[in-house]
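In what comes next, chain A is part of two complexes: it sits with chain B in the first one and with chain C in the second one.
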Partner chain A sequence: MTRHRNHGLGRLVARRLLVLPVVLVAVAAMTYLLVAVSPFDPMSAYEAGSAGLSAQAKDEIRAAWGMDAPTYLQFLHWLGNVLQGDLGHSRLLGGQPVLPQLGARLAPTAILVGTALALTLVGGLLAGVAAAAFRDSWVDRAIRGLSYVSVAAPSFWTGLLLLWVFSSWLGWFPAGGSANLRARDVGLVDPRYLVLPAIALAATQFAWFAMFVRNQLLEVMREDYVVFAQAQGIGRWPVLLRHALPNALLPFLTLAGVHLAEIVGGTILVETVFSWPGLGQLAVEAARAVDLPLLVGITLLGSVTVVLGNLLADVCYRVADPRIRESTA
Partner chain B sequence: MKTPLDVLRRGDTDVASGTMQRAPATRTPPARRPRRRLPNPLRGRWGVLVAATVLGLLVLGALGADGLRPAADLRSDLDQVLLPPSWDHPLGTDAAGRDLLTLILHAMRVSFTVAALAALLAVLLGGAIGIVAGVVGGAVDAVIMRVVDFLMSQNHLLFSLLIAVLAFPVAGGAGAVMLAVGLTHWTSMARILRSEVLTLRERPFFHAAIGVGAGRVHLVRRHLLPHLAPSAALGFVLLAPHAIFHEAALSFLGLGLPPDNPSLGTLVAAGQQALLKGGWWLVLFPGLVIVIASMCVGALGDWWRARSQPRWRSELEL
Partner chain C sequence: MRLRWIVALTAALSLGLAGCSSQPNSSAASGDQVDRTIVIGVGGEPSNLNPVFGDIYGSVYGDHWPVFSSLLDYGQDLELQPDLAAELPEVSTDGTEVTVKVRDDARWHDGEPVTAADVAFTYNAILDPSVATPVRDLLFRSLRKVDALDAETARFTLHEPDQAFLAKLTTGIVPEHVLAGQDLNKAAFNLAPVGSGPFVFDELRPGERIVLTANPDYYGGEVGLERVVVTFVEDESARVRQLETGALDVDAEGLGPQTIRRFEDNPDYRVVRIPGDLLTLTLPTTNAFFKQAEVRRAIGKAIDRQQLVDGLAAGAGRVVSGPFYPDHWATDPSVSVAYDPDAARAELAAHGWKPGPDGVLVRDGERFRFDLIYGHGYAEDAAALAIRDALGNIGIEVKPKALDYAEQQKQVAAGAASLQGLGNAYDPAIDVFDTYHSSLSDDDPSGNVARVESRRIDAAIERGERSNDLAERTAAYHELHRLLVEHGSWQYLMQGDNYYAVRADVSGVEPQVREGHVHGFSRGLLWNLADWSVSGP
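Moving on, here comes the complex of A and B:
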């Protein structure tokens, strides 16, 4: 039985993992193309730091950098480096190699994304069940209204309003940063610093989940087996939670995969608002300083994360739903 | 009293199943990608009317900014720094003593213009790419659609950031925002128009046109474009809220519109500094305009889509 449960799953994962390098190369090619067609010239960026170079010196520097080679050769060279983990050096961070720097900033962002994702899923689930259980009551209407507004509200604005109310006014939470700057050895992050950014990040996405759960539940509640359970005299909540909810939840995981991209991208804005020392803030700093190796590195890392997240969601979905599992095995 | 939310009671149909027959016992597995749609409180006749009125007022305010509150009044006045909303300054003043309402009216004009042009760019780009994919077909189509699939699974802001940085030196703030939004948001439009082209290609009139010897350019211009125009127009409206959001986000990060020609996002960023000194109105009001504008445009887009393209619900993830 257990063997049967995972039949075909290994093959699926293997196939998707095989595609991963292709995706990585495609992303790299696309980013490279963007930089290549843009008017950005590394020479003039370099020149800004050291004035008065002769034309001959410039040519020599270009040649030393390999900039006299055809574009496709430059691309292949760069791609080879990227695949070996060499993303170049960051001007912003004093000429250090990019990859180790990304690694150092990964943990805070991962914690923020993880917390926000958990908040989104749990909050969306609770709100969706509540809205479905009290359909058309004021609870339902309040949740739907809130959902609609929260999706339209940009996360940086929500974040600033949270800061104003809970930090400036009520003083419940610190205004920004994360505790790990001061207490390097004591755990990673002080939870008090995490609350507001995680809420701001989750607020942009939770509505999709709440409305999704609500609509799925209301749809499933019409099925024969649910009607039969109700006819048996089983109480309202057991029917809702034990009979209807599991079936309503199946595509939830895929939705989580889809919205992971939004949450990862959302860190750019939220980390900037809350001075959260993660990759999102670093991306903005790199963008303001036109530090391309760093910015490209973060973009690549972000899109690979999203691809992996989607893969993970797919795998979980297949484990959870036997019908899908059999149709693709 | 009827609130906008009351409209929901009638209009809300648990979205897809409202009119469907009960599903058979052996249900086919649900689609791999769940729908991304929210019930919209601004729907139904009254909701749409409210949305259209509010949006109309905002646009009028933006267009009439010079008449209502001339930019010449925007002198900094150090006696009037960070005043809360009052009769003279309905939305308060900023850290330089300028009237926030005046700032917002002018910023709205900038934001709406940039967002509209950005959405237009996305539609044109997506339309061109989608038509090429549909008309040429084959390997070109396959490659284009893989790129579309990939881009649609990604977050747009990451790539917007990169594009805005690269385009900034030549295109300026507004141009960079337009390019960033246009180059990331064309995908859904391309997907939709491609599928429409594929359908149109099977229609008798198209075969007839080929039969009488019409060339490719003529076919696209006379037989495809007129059929695609309504969808493109709808796509423009549906993309507009995204464009508003992205413009605001990039400007907020300091990569879009500069402080001397502020957009709504720039104003929020400026308000950030004042927030700790108690200047909540500098953040609340510009952001509120962003929220209201995108909700109203979204509501109108939803309404139009429901009337003209009910099938898009499942296909479109803008």
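Moving on, here comes the complex of A and C:
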């Protein structure tokens, strides 16, 4: 049994990891294609006011950055360099190599996404269980109401609201950034600076999980074995938590994998509102400046995160559910 | 009974969250580590700190970080003064050779002496076509080469005399011994520079801050601030929140005339006001509607410039009519454009434009209707709508269109009317040729976007550029001012102010006069940052 299970899991992981490079090349090609058809001109970043650049100056700058070749050749050139571990140099970041720059900027975003994901899962689970347990009571109605509002509200609006209440008005949290600007030798991020952006980011996805858990629980509660358990005289909470919840949790994992992509994408707005020094803000800048190596680097990083996140969710799913375990074995 | 642990768990979780928040908001920071540090908020993260690549916003005029010093610099009244140069440069009688002595007491932050070889290296790097800098084209088309004659003397050789050349020697000088042999486009120096200015580069925290520390060996004397933290906050309301919670000491990006009001009556802040860009309507002669000068002038007369000042600049601005700042020597104070909508209507009627059934002017079945191109932004929207209303009043239908810069350039090159913030506080010779000379009106869309083709305008530009005599140059530019008003393709409308907020406990804040652009560090608000100090921790 155990050997079989590991075998199945191993195959799943191997298959996904083999497909990953194909996915990444396709994503990179799509990014190049999108940029090729977009109206943005990389030269505009070099011009100011009415003082335009001469055609010769533009040609020189394009040549210096290899932007004088057709886009498909630029892509092939880039692909060749990637095979040697070089993701290119970013005009937007002082001409520095993309990979180490991304590495340096990854941590704040990873911390923000990780915290928001944890908040979403825990918050969604607790709220869903509470709503199911007190179905149709004020607790349920309040949680449902909050869910509808948080799904409907755009994250920048939620973010501004949080800043207004908890920073400007109550003064509990700082008004943006990731660490005290005056402090020396600061760490990666200061937890107090993390709270509001993490909540704003989690708020965008929290409702999906809360409503999902609630509905799953209510459905499972109608299953025969739950009815049987209740008939045996087992109390409401043990039935809910010990019998119903584990079964409701399985699809929850898949949902987490899917919504990870939404959370990663949501960082663009949230980081801008909270001046959070992460990749989301940088992605916007890279797109505006048509800094292709940087833009592609960030896009690939996002893609890897989403693919690995989904894989992790699937692995957990299989480990948790013996039926799926056996069918793949 | 069993409900209890869920309640307990929830309570623990919320307490945990609250625990994070229960510390006091110490963004004003604690104790021993914070004296003489100043936090300055700017809008965007600089993409390159190397002055060879232009100023921190990638644009022109040789701005540079206070990490660097330059041969010459501007004083408070925008007068050129020596910085790394021992004295003002010597210009040969034919105007094609400029010789500069470099002061002998300046050192790089790594201890090496600054020499004429560094000066030659810097400017030759700008001239190198493989170095991807716009500065070569924007400022140094007249420069042929630079030689270090000895350790202290650098000689610039020009293709032709350039009146504005000295004003271009404000580019930060970079160290040859650090950069020689490197591909400058990709040098690590670009984000970790070594300079010879009042502040030493300490740290760049990506996406968040750049930290500078005082240079103890600065040749310019003692530096008042111990540490300067520059943080990047694009959103205006975010900068306001950070100012109000004490996270920022200075907003150096500029706040809108409405936003600045909340700081004006607050004793904790000082509001600094510096005259800004000129709001300019461009009517290209290649556009069928704007072919005749009379029509272009009629459009100018239909706009109530004083009303723009009242509406867009909250009354705190100036009406203008020409391309130079109102108090600049090149501006002819006797020239103005009177608001006269009736005369405008009459002029347009004389050219066949008669009101149609809906009030919009019609000629030969064609409606007088054009797109007005401008850049995204709240203030920009307001300005475009004001122009639409003013011209709507005389029967011209204007459709404002906010576009990104590249698309603006394209449409303007194709003859679209545009609304922009422009202006030059320095020597007019820096840009008048590029902007109005007929030799640039054909092939290249970058210069002379309004396609001005006038012998008299060309002559005035050339006279102003070639003469060495201030009285003669003044006369030339005054005539240019008059001729441009007559031409009507460039409608200079008003000058608003740029507003900055600085916490009141910062002293030494004495902004440069008349620096219209929001410029980074060697100009405007921050030009004398080395003289600033913070009184309290």
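By our rule, the second predicted complex is superposed on the first by the 270 of 329 C-alpha atoms of A that agree within 3 Å, B and C clash if a C-alpha of one lies under 4 Å from a C-alpha of the other, contacts with A are read in each partner's own complex, and residues count from 1 in each chain.
Assume contacts are C-beta pairs under 8 Å (C-beta built on N, C-alpha and C of every residue); 3 or more make two chains touch, one makes a residue touch a chain.
Bear in mind the structure is a predicted one, so any value in this text is a computation, not a measurement.
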### Task
Look at A:152 in the shared chain and tell me whether it touches chain B only, chain C only, both, or neither; answer first, second, both or neither.
first
### Task
Tell me which partner A:101 touches in the superposition: chain B (first), chain C (second), both or neither.
second
### Query
Is A:11 touching the first partner chain B, the second partner chain C, both, or neither of them?
neither
### Task
Figure out whether A:175 sits in contact with chain B (first) or chain C (second), or with both, or with neither.
both
### Task
Mind working out whether A:163 is in touch with chain B, chain C, both or neither, as first, second, both or neither?
both
### Query
In the superposed arrangement, which partner chain does A:34 touch: chain B (first), chain C (second), both, or neither?
first
### Message
Taking the superposition on A as described, I'd like to know which of chain B and chain C A:195 touches: first, second, both or neither.
### Response
second
### Task
With the two complexes superposed on chain A, say which partner A:278 touches: chain B (first), chain C (second), both, or neither.
second
### Query
Which chain A residues come up in both lists, the one for chain B and the one for chain C?
39-40, 160, 163, 168, 175, 272-273
### Task
Going by the contact rule at the top, pick out the chain A residues touching chain B in the complex.
23, 26-27, 30-31, 34-35, 38-40, 136, 141, 144-145, 147-149, 151-154, 156-157, 160-161, 163-164, 168, 175, 207-208, 211-212, 215, 218-219, 222-224, 250-251, 254-255, 258, 261-262, 264-266, 268-269, 272-273, 283-284, 287-288, 290, 292, 295-296, 298-299, 302-303, 306-307, 310, 321, 323-324, 327
#### Entry: chain A partner contacts - residues on chain B that touch it in the complex
5, 8-9, 14-17, 22-23, 25, 29-42, 146-147, 150, 153-159, 161-167, 169-170, 241, 245, 248-249, 252-255, 268, 271-272, 275-276, 278, 280, 283-284, 287, 290-291, 294-295, 298
### Task
Using the touch definition up top, name the residues of chain A that touch chain C in the complex.
39-41, 43-57, 60-61, 63-65, 89, 91-97, 101, 104-105, 108, 122, 126, 129-130, 160, 163, 166-168, 171-184, 186, 191-192, 195, 235, 237-238, 272-278, 281-282, 285, 289
### chain A partner contacts - residues on chain C that touch it in the complex
2-3, 6, 9-10, 13, 17, 20-23, 25-29, 33-34, 37, 39, 44-45, 47-50, 54, 57-60, 129-134, 136-138, 185-188, 190-191, 205-209, 229, 231-235, 237-238, 241-242, 244-245, 247-248, 404-407, 409, 420-422, 431, 434-435, 443-447, 449
